[in-house]
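Both complexes below contain chain A, partnered by chain B and then by chain C.
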Partner chain A sequence: MAGAAVLGRLSWLLAELVETVRETPRVVSLVLDVPGWAGHRPGQHVDVRLTAEDGYQAQRSYSLAAPAAGERLVITVEQLEDGEVSPFLVEELRPGERFELRGPIGGYFVWDGAADGPLQLVAGGSGIAPLMAMLRHRAEAAVDVPATLLYSSRTLEDVIYREELGRLAEGDSALTVAHTLTRAQPDGWEGYARRIDGEMLREVLGPPDSGATTFVCGPTRFVEVAADGLVGLGYDPSRVRTERFGPSGR
Partner chain B sequence: MKLDGNAIGGLLGEIFVEELTIARSTCGSCGAVREVGALSVYAQAPGAVVRCPDCDAVLLRIVRSESRIWLELQGVSCLELRAPGV
Partner chain C sequence: MSFITRGFRGRREPGDSGRIPPGQYETHDFPVLSAGPTPHTPLESWSFTISEGGEELARWSWDEFRALPSETVTKDIHCVTKWSKLDTTWEGVSVDTLLDGIETGAAYVTAWCDGGYTTNLPLEDVTGGKAWVAFSYDGEPLDPEHGGPARLLVPHLYFWKSAKWVRGLRLMDEDEPGFWESLGYHLYGDPWREQRYWGD
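Moving on to the complex of A and B:
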């Protein structure tokens, strides 16, 4: 099935690994070259398909973590202990090796830039990936809207893109980044130290702003708590877009 | 494992030319109108079951084998999507 894209319909392309970037002990970003890639919008994802020698196939979805640079794109992968796909992508795949990928996928969990008003982001764990694509796009394209990120991680070592987020926030008075560490906090930690709740959402994101669009991404339970909390604060459900992740085969 | 309509964007992309996660579906049970990306998806094998996030009624089911795709739309009273090329 791999090969040239059929016009207008999703088909499988071949991705070649350029580089693996270690983000945290359990998470890497894969820099890929995908001939035929036609670009994408912040928030979209790809499906990855691996085929074993005996023909067995496993398929998973991964968010695109950065704007496309021509045919070069980035996905961020968390290694799951019992995973069928992520251990291969994280540990075995070497630069120059190839696998099948299709995309870009999705139009619902997509940020349309300034037209969507102020950008509000709530991330749990590796749910940061599509939201990082939005923040990177906002920075690269100098999109002139305020942005706020509330990001929940287990420990400081588990914070993906930690240095880059710090740099982005430091150089941009219109960007606020707030962290919460739910499992362990380093000495002198000044951020939040609990699971997200309505009070934290209110403190970080503020009262409902009818012009803002809020994107929530993380594990299913995290997304439910965050989305319920936002609606409880008076946020318009139609302006709160969610993406739950799990072991989503096709 | 509950997911969102986003999760089956790739599968729907095999069937429909237009991006279906931004199509609006009307629930045949409660009448709620939602974008497909906002629907609830339960994606355990062998297929995906899509439910209404408002009343939990089953809207559609998709099963894919190597050579066939079954798309059951019994719970959807209307699917409104952008005309191709617009």
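Moving on to the complex of A and C:
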């Protein structure tokens, strides 16, 4: 178990949009200035609250995609077709405009660096966001542990942070990044081309390492398959941490 | 006074707004949230235990548990991650039935589960027809990812209190924070008072 998080009361703060970064056709990252932000740990998330003129409110949670740089935060938002909040954040919010946010939230799906041992990450779709915060923290703080990412996307265009992941892996012999594209692959694709399975987990992550911590994030069905697969390979369930989103599909 | 975000209108669902607590939205799916892999405990080795101070007060095998009188209830549920789902139908054994005949001076319970999860509740929040150990959802056996074979159902509190894969209740004199309650989430978790996190 993780140590108890030290949290006081979580107050609502005002976030100002600095920049919207287009990541894929359906995903953007929002760079935010949040005066009063007190820092966070890689893997944590925030609650966003939007208020309409007549007082109507909507709240949603978003993963923090980068370590805090002072009061500057990055959240990554996937635009959901019938969403209420994500289309506004992705399409309508302009630089300089503000909304409410509070956090950091979550004290279990977090990676605190070398003390947690080698880092193993399994991402499905926009589930990469909190895992990217861990990889960015590892790179920025030069944390001296090996890291492996297995990342499942539908197509190459849907791979979030594609160039940055390539750069990070290129300059770091202790970082392995493996992609699988489940729906369509470009000509000459050398990565995996199927849904995640036990064989792929074994090939990429290797046999259970008692010192490693494994983080799995993605849609429910993806996380179920990945976490079950890891347990089937002999991974200790207490060292596999999961974060799921979306419906169960039943 | 909340800050108004220019241009945000939101999507208001007609009808059931009086049943959706503050900060929640209605979903028609059934999202899944768990901190780790889904446990798969065989029914032969499953049991449910009531204990106090390390002493076992009652214990049922799966067959014994399923032979207890059960109830079918239809309830609204509210997850701290913001979704609410209305009119969910469950079948389970009332916690009143499980505690029947047990004498205790305890004021709290800790529910414990396969996979190591725990959550804390006042005893009065799981008695008096307010909580069940549910084994069926929507007329079907409860899926493992939704907490099967059996989960606690305490619909008037945020849904993390409705512990999946529950295996027993420990009667406690003191309120002892469970898994999420130790990690920043509210000790009690009333959705109508929006008690999501510490200090709410």
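Note that in this section the second predicted complex is superposed on the first by the 238 of 250 C-alpha atoms of A that agree within 3 Å, B and C clash if a C-alpha of one lies under 4 Å from a C-alpha of the other, contacts with A are read in each partner's own complex, and residues count from 1 in each chain.
FYI, a contact is a pair of C-beta atoms (placed from the backbone, for glycine too) under 8 Å apart; a residue touches a chain by one contact, two chains touch by 3 or more.
Since the model is a prediction, treat every value here as computed from it, not as a measurement.
Chemist: Please tell me, clash or fit, for chain B and chain C sharing chain A in the overlay.
Modeler: Partners clash after overlay.
Chemist: State whether A:Pro67 touches chain B only (first), chain C only (second), both chains, or neither.
Modeler: So A:Pro67 meets neither chain B nor chain C here.
Chemist: Between chain B (first) and chain C (second), which does A:Gly107 come into contact with in this model arrangement: first, second, both, or neither?
Modeler: After superposition on chain A, A:Gly107 lies in contact with both partners, chain B and chain C.
Chemist: Let me test your reading of the model: by the given contact rule, A:Thr220 touches which partner, first (chain B), second (chain C), both or neither?
Modeler: Both partners.
Chemist: Just chain B (first), just chain C (second), both, or neither: which does A:Val231 touch?
Modeler: second
Chemist: Pick one for A:Arg9: touches chain B only (first), chain C only (second), both, or neither.
Modeler: In the superposition, A:Arg9 touches chain B and chain C alike.
Chemist: For A:Thr242, using the defined touch cut-off, is the partner it touches chain B, chain C, both, or neither? Pick first, second, both or neither.
Modeler: both
Chemist: Going by the contact rule set out at the top, does A:Gly125 touch chain B (first), chain C (second), both, or neither?
Modeler: After superposing on A, A:Gly125 lies clear of both chain B and chain C.
Chemist: See if chain A has more residues touched by chain B or by chain C, and give me that chain.
Modeler: It is C that touches the greater number of chain A residues.
Chemist: Residues on chain A in contact with chain B in one complex and with chain C in the other?
Modeler: Dual-contact residues (chain A): 8-10, 47, 61, 105-109, 220, 241-248, 250.
Chemist: Spell out the part of chain B that touches chain A in their complex, as residue ranges.
Modeler: 1-11, 13-14, 17, 19, 21-22, 35-38, 43, 45, 48, 64, 84
Chemist: Considering the complex alone, what residue numbers of chain C touch chain A?
Modeler: Spelled out, the residues of chain C in touch with chain A are 2-12, 22-25, 27, 29-39, 81-82, 115-116, 143, 145-146, 179-180, 182-184, 196-200.
Chemist: Okay, in this complex, where on chain A does chain C touch?
Modeler: 1-2, 4-5, 7-10, 12, 14, 47, 49-53, 55-61, 84, 88, 92-93, 97-100, 105-109, 220, 224, 227-228, 230-231, 237-238, 240-248, 250
Chemist: Given the complex with chain B, which residues does chain A contribute to the contact?
Modeler: 8-10, 45-47, 61, 102-103, 105-109, 220, 241-250
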